[in-house]
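In what comes next, chain A is part of two complexes: it sits with chain B in the first one and with chain C in the second one.
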Partner chain A sequence: MTAFLVSLDAVSAWIRHLACGQTLYFPQQSGQSGLRFLPVDNDSEIRFDGYQPSLAPPGKKLAPAEEPLFRYRVGTDGIPVIQPVLDASPRILAGVRPCDLRGIHLLDQVNQQGHPDPHYLTRRQQTVLIGCDCLTPCDEHCFCDAVGSLRWRENADLFLTRIDGQFLLEVQTEAGQRLVANQNFPACPDLAGLKAHIEAQRAKPFGRQWHADAGRIPGIVASQWSSPVWDKHVERCFSCGTCNLVCPTCYCFDVRDDFQIEDPSAGQRVRHWDGCMLPQFAQVAGGHDFRPAPAARQRHRVKRKFEYLNERCATTSFCTGCGRCGRQCTAGIDIFDIVNDLIDHAEVTP
Partner chain B sequence: MKPKVAFFDFASCEGCQLAVLNCEDILLDLLALVDIVEFREAITGTAPYYDVAFIEGSINREQDAERLRDIRARSAVLVAMGACACIGNVQARSNFIAPAENFKRVYGSEERNQVQSDPEFWPLWAHTRVRAVREVVKVDYELRGCPLVPEEFVHLVKSLVAGTIPRFAAHAVCVECKMHENTCVFDRGDTCMGQITRGGCQAICITNGYRCDGCRGLVPNANMAAHLGLLQSKGLDNREIANRYRLFCSAEPLGRVGRSGHE
Partner chain C sequence: MNASVTPSTVVPDADLYLPRMARILEILPMSAREKFLRLELPAPLGHRPGQFVMLSCLGIGEAPISISCGPRTDNILEVVIRDAGSLTHHIHGLKPGQYLGVRGPFGSGFDLEAWSGQHLLCVVGGLGLAPMRSLIQPVLANLESFSGFTLISGCRTPAEELYREEVRGWEQLAQGNSKVRVIRLVDRTDNQPWDGRVGLVTAPLHTLEMDPANTVVAMCGPPVMYKFVILELKARGLGDAQIHVDLERRMKCGVGKCGHCQINHVYCCQEGPVFRFDRIAHLAEALQ
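Here is the complex of A and B:
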């Protein structure tokens, strides 16, 4: 596919131009501190420098906090008529970093497996991704390189890399090609040379690194069911669920039914985010809770990211290394520290 | 037949009843589902029996407890409505001070002594503890918050009418902050009770720029030791911490954390 070399001003103007035709989300400040993927309008500031991971990952635009799944109406014959609610409005997610691109890739996997999720997949099919490379770690919480996210760009339709005051703009799909048609961007003269230059500019080591080879981690996590590490890392835990809800690969939800007060024969089923760190997540009919202890819930969360789901999807890990969970935990609990402690503990008691 | 519903107020500002009356856009639809038989803020009249009794306010005097027991005996379902009824609210802070001391503070030494000596006054001594409704009678449902959340009130009424099980959040306020993509209060340089406070309020205070002061009470199994350590690490002294915990959560079992720091 093609590659262009474009100035910052031209990239900003192009993003604004794209936002005129459809909803385009880009990480922006909005009064409160922290970045959010918000729709770009005339007043939006298009900034690429000083990036910190957004509070919520951009993939949440494909599975919002709360959404109706279907509406129903019970007819006079007593049979309900069910109308699915699907959101097929086109959208662009721009400025998506490699960790979050990989997060969306992993969400695609779980939403396609088993019983495919039409609500997620309908939004996803209408979504164009414009990725953006990172040449330096965003902050001290980052460990994207350790989990194999840093060089992820496979599912980006277009991919931007800021280098020497300009942007390398790589077109990776036909959907991406359509967005740059008629832009008259100058072609990149020496793509291979520029990419080698980019790699040379990338920070090394990039972010935090594991205490062991990444390939060993699923086996180590599997072997540490009774480790004291689980208890150590929940002493300060509030079971508030923040780590789940800001995770780019958490997708658990609960549903509730809601009838209309003015016409009780009609209503809707709504789903909303849930999380395995929340106390009632594993409570079943009759009140039994099969993970009542915070340490058991923490172990389950770590195993989902480093053992269960990566085995199911044949990938290195289901953690993208974005660092959001550790960054936003008021108790300072970090999944990176938990896994490194498990590695250290496994060295002593394998 | 439509269920008979009644509202009663004890020690409270009646703000929760106003919050109910403020559900204006669906109030008429709600009234189509139920018969309101007692509601001091809205109608006059009484009834011998209630399908659902909504109790607003904390129970401060023994005569209030007697009235509450009578309502309970004549009600199929009893709902504690608002922070006063659920957790005692701000007035329960007086539980940490001896009654005689409270009387002196409010009325002066002379009246305090008169309460002790005057036969007309002595029942006031019975006001020794501000109680949540569940400390006096069995409570079927709790509508938490100061004031209650109208959406939760409507959800409860609809569930009771439909015969389904109402569901209320038992998770921390943090869940709803994440759903609203709020910047964490701790990242704004302030401190917050959100991690140990029951959600269901859509994190309304934080979403609007304030912090959580815990008006909905503690989550089950709240990690108080961790929260105390966190507030201390942010530079709050024990007296400030005790005041934060007691503002709304005085009647909660763990509201005594930091007791030594109280004046």
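Here is the complex of A and C:
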């Protein structure tokens, strides 16, 4: 595939140019809350330095916090009419880091399996991904290398790496090729040499590392159903669900109906994010709760990321190592610490 | 090109979350908390015993509801609705001619063909009779395929008994057919007339005449019932692979996406809600 060597100014101008034709999301500073993936307009700043993971991961643009599944209207004959709603508007997600590219890859897997989800896949099939490499860890929460996300780039249509004041721009798909057509970017003269140089520049070790080989972690997590580790970390947990809401691979939802207050014969069925850390997530009619204890909910969340979903998605970890859950947690609970404690606990009580 | 990781080739089912509208033909009280509904769908449901539908009322919401009728070739769907939340409370107030949304059928269901030649023992608690009826109807209509059928059905009080007339019909069938046994129980009579036994559904299992090697069990009831019934069955020599449980979880989508019904790594709405017990016995969250 083609590779170009492009200046920062040319990359910024190109991204602005792409944003004229369709909605293009790029991480931008938003008040005091850090970066968010927002649509690029004339006033947008295109910055690649000082990146810290966005508040919500870019994959959430494919499964928004709230979306209609269909609209309905009850006719005068009393018979309801259902009107499907699918969002097929084209979009570009640009500046997506490897951890979040892998997050989108994992969302692709769960949404394709079994009954393919029409809402996610319709958006996804209209989405072009422009990835961006990381040569240094974003902050002390990052552990993308430990879970195998650091070098993930497979699903990027285009992939950018900032090196020596320039950008290596690699075209990975035909959709990516269309975005660079007629740009007259200069070709990269020695791709293999430049890639070796990039690897030499990459920080080592990169971010936090496990206390055990990554390949052992699903087995270690699976082996610990009753462990004091579950109680240790949950003592501080408010069951607020922030960790779910900022996670690039959390996709659970609830469904509710909203009728129009001024015309109750019409309305829509809406799905919205839900989180397995929230109380009542596993409660059934009549009040029985299958996971009433916060420690049981936290165990479920950790096992989803490191045990339950691995096999379904043929991956070693459903956690991308972005560090958002630990970074955003009000009580400072970090899934990385929980898993390392499980490893330590398994070492002393095998 | 990375065709394997981009979802461009997957054709999603655009109708996945869209309900079909079903007209209420009948809505009848069964007890203080339960109503029976007979619905007419636009086309046959084509379900297996033990499957469920996502039933909804537009503007109120959607919930998983067990199918209560056996497989049928017409467009009829029968369900039992307990008044337990905002949606079910609203449904209790509906009239014939009004519409409900239906998605499905979903889930695994009971595999009747796998039980051919065996004695089927159904153990039912309370509202569990609603889904179990979808199994009992085809079994009684096809008794020659089984070496026998036993129903042990319990509820708390005589007033809470569901399908009273139909269960008495099964009882009459049992009087003329040695292959069929029906045992009805209540926990307590509450000074109401009662022509069955008093006690828990586990009680008849102590002395029930059975050939453990040739028996399959299907059970549906409240979570607490399973643990004790399984203990009794094991004491009688049955193995986990002979026992089938119908579990309840809070499905929000019915299609393995919303995450609500997960039991450890298992999606109850996909692999269940009917499970052969040996396939979930090791799951700590299964019978909590």
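We take it that the second predicted complex is superposed on the first by the 341 of 350 C-alpha atoms of A that agree within 3 Å, B and C clash if a C-alpha of one lies under 4 Å from a C-alpha of the other, contacts with A are read in each partner's own complex, and residues count from 1 in each chain.
Here is the rule we go by: contacts are C-beta pairs under 8 Å (C-beta built on N, C-alpha and C of every residue); 3 or more make two chains touch, one makes a residue touch a chain.
The structure presented is a predicted model; accordingly, all values stated were derived computationally and were not measured.
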Which superposed partner A:V246 touches (first chain B, second chain C, both, neither): first
Between chain B (first) and chain C (second), which does A:G286 come into contact with in this model arrangement: first, second, both, or neither? second
For A:W273, is the partner it touches chain B (first), chain C (second), both, or none of the two (neither)? first
Quick one: classify A:P264 as touching chain B (first), chain C (second), both or neither. both
Identify which of chain B and chain C touches the larger number of residues of chain A. C
For A:R301, select first, second, both or neither according to whether it touches chain B, chain C, the two together, or no partner. neither
Check whether A:H233 is in contact with chain B, with chain C, with both or with neither, and answer first, second, both or neither. neither
So, A:R256: does it touch chain B (first), chain C (second), both, or neither? both
First, second, both or neither for A:F70, with chain B first and chain C second: second
Which parts of chain A are touched by chain B and by chain C alike? 256, 259, 264
Chain A partner, complex, touching residues on chain C are 1-2, 5-8, 10-19, 21, 56, 58-63, 82, 84-85, 88, 97-99, 101, 222-223, 248-250, 252-253, 255-260, 262-265, 270, 284-285, 288
Would you pull the chain A residues touching chain B in the complex into a rising list? 32-34, 36, 55-56, 65-66, 235-242, 245-246, 256, 259, 261-262, 264, 272-273, 275, 278-280, 328, 330-331
Residue numbers of chain B touching chain A in their complex, please. 26, 29-30, 33, 154, 158, 162, 167, 170-172, 174-175, 178-184, 186-188, 194-196, 219-223, 226-227, 229-230
Provide the residue numbers of chain A that touch chain C in the complex, in ascending order. 69-70, 72, 74, 78-80, 82, 84, 86, 105, 108, 110-119, 121-122, 124-125, 154-155, 172-174, 225, 251-257, 259, 264, 267, 269, 271, 274, 276, 281-286, 288, 290-291, 300, 303-304, 307-309, 311-312
